[in-house]
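Following this line, the structures themselves.
Next come two complexes built around chain A: one with chain B, the other with chain C.
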Partner chain A sequence: MKELALGIDVGSVTTKVVFIDENDEVIEGLYLRTTGSPIITIKKGMTQAYAYITKKYGDVEVMAVGTTGSGRQLAGVIVGADMVKNEISAHAYAAIREVPDASTIFEMGGQDSKIIFIRNGAVVDFAMNTVCAAGTGSFLDHQAERIGVPIEKFGEYALKSESPVRIAGRCTVFAESDMIHKQQMGATSEDIIAGLSESLVRNYLNNLARGKELLPKFVFQGGVSENIGIIKAFEQAVGHEVIVPKNNKIMGAWGVAMLAKREIEITGRQTNFKGFKITELKHDTRVFYCDGCANNCEVYEVIENGETIAYWGDRCGRWSNRLTSKVRISKK
Partner chain B sequence: MKIGIPRGLYFYVYYPLWYGFFTSLGHDVILSMPTNKEILNTGVSSAVDDICISVKVYHGHVKHLLGKKDVDHVFVPRIVSEDKYKYTCPKLAAMPDLIKSAFRKNEKKLLSVVMYMNQGKKALHEAFSEVGKKIGENDDRKIKKALKAGIELQDKATMCLRKEHNFLEVVSSIQNLDSLLEKPVKKERYTVALAGFPYDVYDGYMNGDVIKRLQDTNMRVVVTDMLEPKLYKHYTKYMIKDLFWHQANVAAKGGMYYMDSKDIDGVITISSFNCGISAVYEKLLDLYSKETGKPLMHIVVDEQTGDAGLVTRIEAFLDLIRVKRGDGLVAS
Partner chain C sequence: MHRKITYTFPRMGYSYAAFESFFKILGYDVMVPDPSNSKTLKEGVSNSPQGMCFPFKILLGQFAKLLKENPDKYFKIVSLESYGPCRFGYYSPLYNKILEDMGVTNFEVVNVEGIYPPWYKGVPRFIKKLVKLVGWHAPWAGVRAFVIAGWKVYAVERLERKFYHLIPREKVSGSSEKAFNRAFERIHHAPNKVKSIKKILNEELKKMDQIDHIDDVELPKVGLVGEAYMLMDYSNNLEIEKKLAYMGVDIDRSLWVTNWTLDRLLKTKQHLKHMKEVNKGYLDFFIGGDGQESIMNTILYKKKGFDGVIQVLPFGCLPETAAKQILSNVSEDYDVPVLSLSFDEQTGDAGFVTRLEAFVDMLKSRREIKSKESKAKKAESVTTR
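After this line comes the complex of A and B, so read on.
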């Protein structure tokens, strides 16, 4: 039976599901838009991936599961994770495997972006932007809509530009009005798109790399790293080649799959994975305000087939402490 | 009489002195409850708009106490200076005025007085005589005795801090600091130092419970207020000259001292969004971190508490520290 490890990265816009084999190679990787509830997307991803790999390999056994991303906790209780890891460590782990002597990792996703500084194969510093859209993929999506050029074509357009216009990119609102202005002045779509790409990169570096030393090798990953226009803009900004590794869009999920596998190998534990049957179970989430004290915590509850399997968000543990034992039991 | 003390700002430095003074005069000390959503919200809505969150939260604490029928006075001192030729931030020096203008109706309940700290007993005696007069205590012998009790308690609290008991422990053991002094401090494999103004470092509701979060993952936490100032005096040289603000000096030089300490794995600064003074010590620590290679992370607290990005960053920082010590990302 083929032994696999599963990695799931739940972000706010996309969910990534990855299966890796005994050599840590990705045999199936899905990049899905998180539509509706993340739970539905996770299950959809698992069902799709399961169909594909069983067709290819027959019966498989999942020996380790890891989750990451902003929804890592939720994903972790739904599937039964062996490792729940923050996305910075997960992304860095995969990047270092691909480019062992990487020094700087640019990661640009749909809703957030990060920069990770690596020295001698270890993370030494990082910065994250979760609040400002200027410097993330959604900024590009939004502008694509405005200009009427599909986002997939953005890279191509940017490369065709001969003299990118300079667009004030400090903030999406300004960028937009500046862009409209340039359009009215008669700039071509190519030049505007190239200008946008440059402004996105400038913005990203201003926000995240402030005063930090940018050393090669540079690795660029995350959904936006598909865009050749942005790759080029990065190369121009840092004056050096920028490597887009394989599996560039699913690095977080890949990284956490490998980490979960290490965890199981080292500890010799059994996996917590609840099996593919979870895709058939009924999951609900509920948010309520605890009235136990003046904190009025926003408490999240995850219910599986009518039974609560997790709580979080309570500052004092009033809710989550009730459950630790149950979560363990419902592992199998 | 019942004297209310807001749990914010200089409470996190001089509470023992105040407590000792008032209780010795036979009054009861009533603290506002630890910051929670309600206090934050009332603070935000009653304070002027463009002020730091630490001051806004303080407004919330004052309001909470003003709303208590049985509290006769709310103690809002004007601390102008904490060291010769060093001053506090203009907002702190203007605190009674800000509070008065926010809560005009309750002006009479406010008990405020100008204070110069650490500048001799005479200055203190003058200040506390005035406090005494305002609450109807004119007997100078009693004032002197109460002040002595306060100073003794403050000194004992300082001893506790020097033994690496944090200020929150001091607050909860205020009636029995002797036994806190005897209590051993648990050694852990990792130690993280926090640098910042005490009111930012110790307000767990505001800063995503950093202290608790670190302690829960078996990290020992030390804070710049634990250091004997003599230890970091020489860092003035590095800064060329001392900063104008006492607490910023403590954070900057204390932070540098920790960066040079072998047993400290990393330093986290905690500051308030919109605080210009914090930006100065943060920058100094950035530069020093570059020189020493000691991991450094900034947490900037704003009204959006408990956002997922903060938790992710704290977790990633801890991973970084573990890897730096030669421990892996897994099975630790």
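After this line comes the complex of A and C, so read on.
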């Protein structure tokens, strides 16, 4: 029976599901838009992946599961994770495996972006942007729509440009109005798109890398790293080659799958994975304000087939402590 | 019309227990505002000028809730404002103005400023303010209230430090938290005698020591610096200390009520001189708030062998924002990782915890590299000998 490890990265816009084999190679990686609830997307991804790998390998056994991304906690209780890891560490782990002597990692996803600094194979600094949309995939999507060029073609267009227009890019609002202005002045779509790419990169570096030393090798990953225009803009900005590794869009999920696998190997524990049957269970989430005291905590509740399997957000443990016994049973 | 006065004051971490006692001992009614929750934050933020720093908005929301819920009481809001060019000096006039605009009138703000140097002018002025605040008392009653409140502050701090020390070492997760909560409640409601407070403190410390835990572990050490109020109030800094401790980190907070007041009220001169020396080349003049302290303490933490420093930065705080820029230089020059975390009403748990976890992961891997390097060096020196 084929032994596999599973990694799930739940972001706000996309969900990534990855299965790796005994050599840490990705045998199935899915990049899905999170439509509706993340739980539905996770299940959809697992069903799809399961169909694919059982067809290819016959019976499989999942020996480790890791989750990451902003929805890592939720994903963790739904599938039964062995490791729930923050996305910085997960991304860095996968990048270092691919490019062992990497020094700077640029990551641009749908809704956030980060920069990670590596020295001697270890993270030494990082910065994350979760507030400002300038410098993320959503911003690009939005502008693609406005210009009327499909996002997949963005890169091509950018490469065709001969003199990119300079677009003020401190913030999305200014970038947008400036772009409209340039459009009205008669700039071509190619030049505008190239200008946008440059402004996006400038913005990203200004926000996240200010005052930090940018050293090669550079690695660029995340959903936006598909875009040749942005890659080129990065190379221009740093004056050096920028490597886009294989599996560039699913690095977080890949990283956490490897981390979970390593954790299980080191500790020799049994996996917490609840099995592929979870795709058939019914899950609900609920948010409520506890009125137990003046803190009025916002408490999250996850319900599986009518039974609560997790609470979080309660400061005093009033809710989550009720569960300890049940959690232990489900871990058996 | 003469109404009975109820005192209230900014709630800050666990220290409220002591300040509450101070007024009670003097025979006054006192009410502590509730900690922040989404409703008070919303109220505070929507009624404050946008440019005000976050702590002001927090406190405004907390006070507004208290005053509105008790329309039949008349409050004296005690505001302990310090000198300096930051916005701290505007707090009380703004409370007055904004609360009145909100239609809340059952209050007055009493501003107890810090003691300005030189002390022989500052101390009498401070006493005058105190008298204005609590009225004339037999001097010994005032002194007694002061001493007992001081003891409570000290006791709570000792317990808190023990608590954060034990969390990453406990064998049964949550056992130190239970012990701490009980201990805190006992101190909170302790009889107003120094002897009883001391006794309870010793008993509880001993009990906490008996919690099943492992003492000889090497944990990554993180120092916490930043703006005093946010740093000391767990309800607004999202319990950063507890969270880090549960992640397996030894934490140390640079500002506590005791050292903060002592440094500012009594040793102002030496304190400023010390800061000047340590901060030479970075920031050797006063910029208000605790900006200078943040830089000094970061350097001192590094010298004491800490692995990293986290700066707690309330959104809109001028001194800390200035310090943040300087800290990135300090971080580079001294090779100490510094994570600046900005707090506002939108700071959710999610992104916050991600940053903390990633920072802790990073400190751990830096540790591994360092120990590998030093081992390699040792091996090298052996072979070359």
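Everything below uses one rule, namely that the second predicted complex is superposed on the first by the 330 of 332 C-alpha atoms of A that agree within 3 Å, B and C clash if a C-alpha of one lies under 4 Å from a C-alpha of the other, contacts with A are read in each partner's own complex, and residues count from 1 in each chain.
Here is the rule we go by: contacts are C-beta pairs under 8 Å (C-beta built on N, C-alpha and C of every residue); 3 or more make two chains touch, one makes a residue touch a chain.
Since the model is a prediction, treat every value here as computed from it, not as a measurement.
Peer 1: In the superposed model built on chain A, check whether chain B and chain C fit or clash.
Peer 2: They clash: once the shared chain is superposed, the two partners overlap in space.
Peer 1: State whether A:89 touches chain B only (first), chain C only (second), both chains, or neither.
Peer 2: Touch status of A:89: both partners.
Peer 1: Of the two partner chains, chain B (first) and chain C (second), which one does A:97 touch, if any: first, second, both, or neither?
Peer 2: Neither chain B nor chain C is touched by A:97.
Peer 1: Between chain B (first) and chain C (second), which does A:120 come into contact with in this model arrangement: first, second, both, or neither?
Peer 2: A:120 sits against chain C, while chain B stays out of touch.
Peer 1: So in the superposed three-chain picture, is A:267 touching just chain B, just chain C, both, or none of them (first/second/both/neither)?
Peer 2: A:267 sits against chain B, while chain C stays out of touch.
Peer 1: Can A:317 be said to touch chain B (first), chain C (second), both, or neither?
Peer 2: Only chain C is touched by A:317; chain B is not.
Peer 1: Please work out whether A:296 is in contact with chain B alone, chain C alone, both, or neither, and reply first, second, both or neither.
Peer 2: both
Peer 1: In the superposed arrangement, does A:160 touch chain B (first), chain C (second), both or neither?
Peer 2: neither
Peer 1: Using the superposition on chain A as set up above, list the residues of chain A that contact both chain B and chain C.
Peer 2: Comparing the two interfaces on chain A, one with chain B and one with chain C, the shared residues are 70, 85-89, 122-126, 128, 130-131, 211, 294-296, 315.
Peer 1: In the complex, go through chain A and note every residue touching chain B.
Peer 2: 70, 83, 85-89, 93, 112, 122-126, 128, 130-131, 211, 259, 262-263, 266-267, 293-296, 315
Peer 1: Which chain A residues qualify as touching chain C in the complex?
Peer 2: Contact set of chain A toward chain C: 70, 85-89, 120, 122-126, 128, 130-131, 211, 289, 294-298, 313, 315, 317, 321.
Peer 1: In the complex formed with chain A, which residues of chain C make contact?
Peer 2: Of all residues in chain C, those touching chain A are 34-35, 37-39, 174, 177, 235, 239, 328, 337, 346, 349-351, 353-355, 357-358, 361-362, 365-366, 368-369.
Peer 1: Under the definition above, what is the set of chain B residues touching chain A in their complex?
Peer 2: Counting only chain B, the residues touching chain A are 33, 36-39, 205, 209, 286, 293, 295-296, 304, 307-309, 311-313, 315-316, 319-320, 323-324, 328-331.
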